[in-house]
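Next come two complexes built around chain A: one with chain B, the other with chain C.
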Partner chain A sequence: MAEIRGKFTFPGGTHPPENKHFSENRSIEPVSVPKQVAVLLSQHLGAVCVPTVAKKEAVLAGQMIGKSDAFVSAAIHSPVNGTVKDITLLPHPVIGRTMGIVIDVDAENNEIKQPVNGQFDKTFNPENYTVEQICRAVKEGGIVGMGGAGFPTRVKIEPNPAMPKEILLINACECEPFITCDYRVMLEWTWQFLAGVRLAARAAGCEKIRIGIEDNKPEAIEVLTNAVKELGGKEDIRVVPVKTKYPQGGERQLIQSVLGKTVPTGSIPPTIGVCVLNVGTCAAIAEAVATGNSLTHRVVTVAGCAIAKPGNYYVPIGMRVEDLIAYCGGLTETAAKVVMGGPMMGFAIADLSTPLTKTSGALTFLTKAAVTRAKHEKQQTPCIRCGRCLTVCPEHLNPTRIAHAVKYFRMDIAQDYYLSACIECGCCSYVCPANIEITGYIKTGKLLQARAKRRLG
Partner chain B sequence: MLSKITVSPAPHISQKLSTQRVMGDVIIGLLPAMAAAIWFFRLQAALVILTCVTACMASEWICGVIRKKENSLWDLSAVVAGLILAFSLPPAIPLWAAVIGSAFAIVICKMLFGGLGANIFNPAMAARAFLTASFGMLMTTWTVPATVDSAMPHISATNTATVTQATPLAWAKSAIKGKAEVTEANGLLKNTFWGNVGGCLGETSSLALLIGGVYLLIRRTITFHIPAAVLIAAGVFAAVFYFVNPDKYSDPLLHLFGGGMLICAFFIATDPVTAPLSIKGMWIFGAGAGALIMLIRLAGEYPEGVMYAILIMNAVTPLIDRACKLVPAGGKPHVQ
Partner chain C sequence: MVLASVMELVNNAWPAALLALGLGSLFALILLIASIKLRVVVDPKIDAVHKALPNIDCGACGFAGCASYAKAVVTNPELLGKCAPGGSDTSNAIAGILNLQMSGSGAPMRPVIHCRACEQDKTYFADYDGIIGCTSANAQPNVQACAFGCLGYGGCVRRCRFDALHIIDGLAVIDYEKCTGCGACARGCPRELIEMVPFTQDIMMTVACNSKEGGKNTRTFCKVGCIGCGLCSKQCDLFTTENNLARLDFARYEPSEAAQTAMDKCPTGNIVFRGKNAPAPREAGQKPAASAK
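After this line comes the complex of A and B, so read on.
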């Protein structure tokens, strides 16, 4: 195979070790049904869902168990047949604690859910579905952006006369180290993924479809390019290889790399006519529209040195981390950190009973060696003003200045240096020789800012 | 097993890079110049370097004890300060003066400002300025390198103990003042490059400094911006004067290789703590330092201007940082 070199990229960024070898060659494997699942009521950006079931009520797989009337929100569904055991506070990887529905699985009446990729091939015709049908299926399926932010997909793809969308950009970069779930979806569920892409483009009214993919995945680039050729050019779909660099898969960075367009600070892509969707989300759209299934299962990458059986697993959303660890052969003795997500942007969890959510693309198990000694022992030394964080910042900010302003509660200075423009990619902390948690300080600053606004409002 | 799992903000991995390693690289980069200093000035050089480094480390340790702070010797910044200070002293400096200078550098210029990362002025340069103001005579006595044949010209045997020699830049200054022929200074160019001339300990050999500078660039410990800005600005400045009046002003190459120009460009101006953060700021800082050095050398009273140029630019660094505030990739937000 000829080596594929991406031509396009963005300024800044860094090159953490990719570490995809743990799981990139492992096929997607459905896991056995756990004894209990816990479905969180807040797995997305926007309003928290209200439970639509009561304690001790029997639920069926795919049944809606929580919803919200707010525009920016997404319904949640039970992944299994069972009974509601409790509706209570549960650990959440990002926001600490939140309400969730605990369901005892009906052990005799459950089959392992298999992927539906076999139902799709190149003859799939998105024009068999109307825009309304697609939007309703996406809404009822509770589909959210599965790359990490969890923005409700319906809001993204629904036609909006105020902001017409021209280009659908598929984010197939997967620039985070360790994560391979989207890569496997592209290789194994190629036609399902492309069906979802075409459905989303039809719903959003996008004429052009661009698939941005890092050049460290030559097999996926080849498979997709051939598949697009087989479709026969009915739609304007192009696979665009981009340079391998973190955070190439940042929405704003990818738009810059592939389309050469800049999203204004503080705005979202639709303001410049672009809709960005993640690979897993597209596969979920296809499933929801074609089969009527809700988003109850997703592919999760399990990787790192500290887990016995790394791989890509097809997991019910709501499965607890400890159950998945047990399925994967358990943690090794050297485990130092359990991260929900990748090592650059993921959230370290202390409570292994935390359930997986719609946005958990990976579980990374890091050893002390992988974390590095300085980071493990939290040794921070003073900032020597070397400027490395400025050089790698993909948003051209002054991370050290913002972080130190937050450290001394000078929110005025932090805002003056564009605190809110930070995308929290973590490049600054990654390169810092003084090992300062720059990104951590900036995240704290954003929380302080939000709290201050709430108090004023 | 659970107790072993830790949490902290993302990212959970980091580049294997530490302040200690950055400083260690600077020390390695200074090794060729140290070897050259010891080759040209023998025992004197070794003693001055050893004294400065030891005195700086001792001062840092004592300050740590007094401030009840963790021992900060391991970040190696005291060693770097000691080396740079030693390299900017004349070989014949009495060791007690070197100790005073080292203590001033660490205690007054670094620790009183809050330690590593908080000092406004480059400690070594500020200490050198202090020594120049206090012991002017000691700071301008230039011993002849041990490798120089004492029958060579330009040597004025003064007292019995040491043989001294005017530095190439002193010759250049004399030429500007009309007290000497400019060819005398230009004739020293070759020796200046190899290091076979009088001058401060670490400044003599341009070759050794260039090797160290290239090492730092390859290791990405420094970026090319500041050295390039210093050398381009100084070179252009010197070249303009040279082409206007070559009978009065010496060869621009003599200014680039002579005196502290190279150690300034690669090791002193690139001190991250006292230089601007942004690339644009680095260009301004470097160009300002280069131009000031030449302004002092060509129009000032002193033959050499590195020290004051660096101190002046250190003082304006906060202003440069403020003036070169970065604009976010997506432009300035409308409502902040």
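After this line comes the complex of A and C, so read on.
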């Protein structure tokens, strides 16, 4: 196989060690059903769901258990057959303690859910479904962006006359170290993934489809290029290899790389006619539209030195981290830190009873040695004005300036330097020779700003 | 010889001297006219009000400093009583200057912290080694089991300009002797634990917990948390229990036997006194005094 080199890229960014070897060659494996699941009511951006079931009520797998009438929101569904044990505060991986539904699993009446990729092949025709059908299936399936932010997909793909979309860009970069779930989906569920891509393009009214993949995944590029060829060129689908660089998978960066367009600061891709979707999301769209299944399971990468059996697992959403750890053979003795997501943008979890959500693509288990090598355990020293953070910032900000403004509560200065434009990729903290937690301060600044706004409004 | 040179100087320099004198007089005249024509009339009340204020520029009134508040309060008497550090004394003084009548209770506003859990009373799931500061620590979910209580990283301490707040054993403690009631600490707390309360008494009773968690979880997370049992609301109508949390109606509070009984009966010792020389709260885990009898 000829070496594939992506020439498209964006200014800035870094090259952290990829560490994909833990799980990239392990196929997707459905996990056994845990004894109890905890489905959080807030797994997406937008309004929090209201439970539609009561305590002690029996629920079926796929049944809607929470919904919201707000436009930007997504329904949630039970991944198992069982009874509602409690509706209570539960640990959330990102926002602390939020309401969730605890379901006791009916042990006798549950089968392990198998992936549905076998139902899709190259004969799949998206024109069998109307735009309304697709949008309704996506809405009722509770599908959200599975790359991390969790923006409700229905809002993205629904035709909007005010912002017509021309290009559907599939974000298949997976630039974050350790994570391989999208890679495995592309390799194993190729036809399901492509069916989802074509359905989304049909719903959004996009003529062109571009799939951006980093060139460190040559197999995925080959498989997808061949599959697109087999489709016979009815649609304008093109697989675009891009340079391996972090954060290539940020939607603004990918648009810059693949399409050469810049999304203006403070606005979103639809304003320039682009709709960006993640690989997992496309697979979920195909499943929801073709089989009517709602989003109750997802592929989660379990990686890192501190776990016995790393791999890619097909996990019910709502499974607790400790149950998944037990399934994967437990933690090794050297385990020191559990991160939901990858090491660059993920969230460290303190409470192992935290349930997985629709947006948790990976669990990274780091050893004490790996954590100590990381920056934040070392001594922070004053900023030496080297400007490395400015060179790597993919959003062309001045991170150190913002961080110092936040440190001294000068939110006016922080805002003058476009605090809110930060995508929190962590490149600045990664390269800082003075070990300053720049991204940490910027995140703090965003929280301070939100609090000030809440107090005024 | 000397005399001659002096005379020569005078003879040669007199035009210059005359010119200087003339110019001086001209400018003096311009300044005189300008000072009459361009005079800025300052309300003497502003100056008097400024003098009556504590002049610490704390910003609690919402203005940049005492001078701007003085200017604002003279033109808009509705702003009277905004000076928290000065309290009712200052407000009365300003009212006297402006010929106004003070209305309302005039009780000074002071902060109370709705948490009493010291380090040994709390449960932690993991070590936090990020940026030292409450807002940053609060952004890391579930490091401290209780999602509502004091984090003890001193966000309030850094904002206090009067050295009236200290972290003692992982809990923010207010020094009511030094506190001026400017409210900066309440704005600095990411968990909104600090409430500004009218201190109608020198020592106020308060429910020192903010946990809206169910009773069972609160018990697991904290030795001194409010479990929302509702015993206090049964004893005394000043207390209300909602969302697994008891609250006291501060505006109506007066020391009474019913309130004291409620405090003694609280199973977790969560109702405490706050204020200058307030008696120490019951120790964590100690049985209620009423049931011990």
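Operating definition for what follows: the second predicted complex is superposed on the first by the 451 of 457 C-alpha atoms of A that agree within 3 Å, B and C clash if a C-alpha of one lies under 4 Å from a C-alpha of the other, contacts with A are read in each partner's own complex, and residues count from 1 in each chain.
FYI, a contact is a pair of C-beta atoms (placed from the backbone, for glycine too) under 8 Å apart; a residue touches a chain by one contact, two chains touch by 3 or more.
Owing to the predicted nature of the structure, the values given are computational and were not obtained by experimental measurement.
Applying the stated contact rule after C-alpha superposition, one finds that A:391 touches chain B and leaves chain C untouched.
Look at A:219: by the touch rule set out above, it reaches neither chain B nor chain C.
Contacts of A:455 after superposition: chain C is touched, whereas chain B is not reached.
Of the two partner chains placed by superposition, chain B and chain C are both touched by A:350.
Within the superposed three-chain model, A:383 lies in touch with chain B and out of touch with chain C [touch as defined at top]. In the superposition on chain A, no contact is made by A:188 with either chain B or chain C. In the superposition on chain A, contact of A:57 is made with neither chain B nor chain C.
Contacts of A:437 after superposition: both chain B and chain C are touched. In the three-chain superposition model, chain A touches both chain B and chain C at residues 347-350, 352, 376, 437, 440, 443.
Contact residues of chain C toward chain A in the complex are 124-126, 128-131, 133, 135-136, 138-143, 145, 147, 159, 187, 190, 212-214, 217.
In the complex of the two chains, the chain A residues touching chain B come out as 10-12, 14, 16-17, 177, 252, 256, 262-267, 331, 333, 335-339, 341, 343-350, 352, 364, 366, 370-372, 374-376, 378, 381-387, 390-391, 394-398, 400-401, 415-418, 420-421, 424, 426, 429-435, 437, 439-440, 443. Across the complex, chain A is touched by residues 1-2, 4-19, 21-22, 75, 77, 115-118, 223, 272-273, 275-279, 282, 325-336 of chain B.
Those residues of chain A that touch chain C in the shared complex are 88-89, 91-97, 347-352, 354, 376-377, 409, 437, 440-441, 443-444, 447-448, 451, 455.
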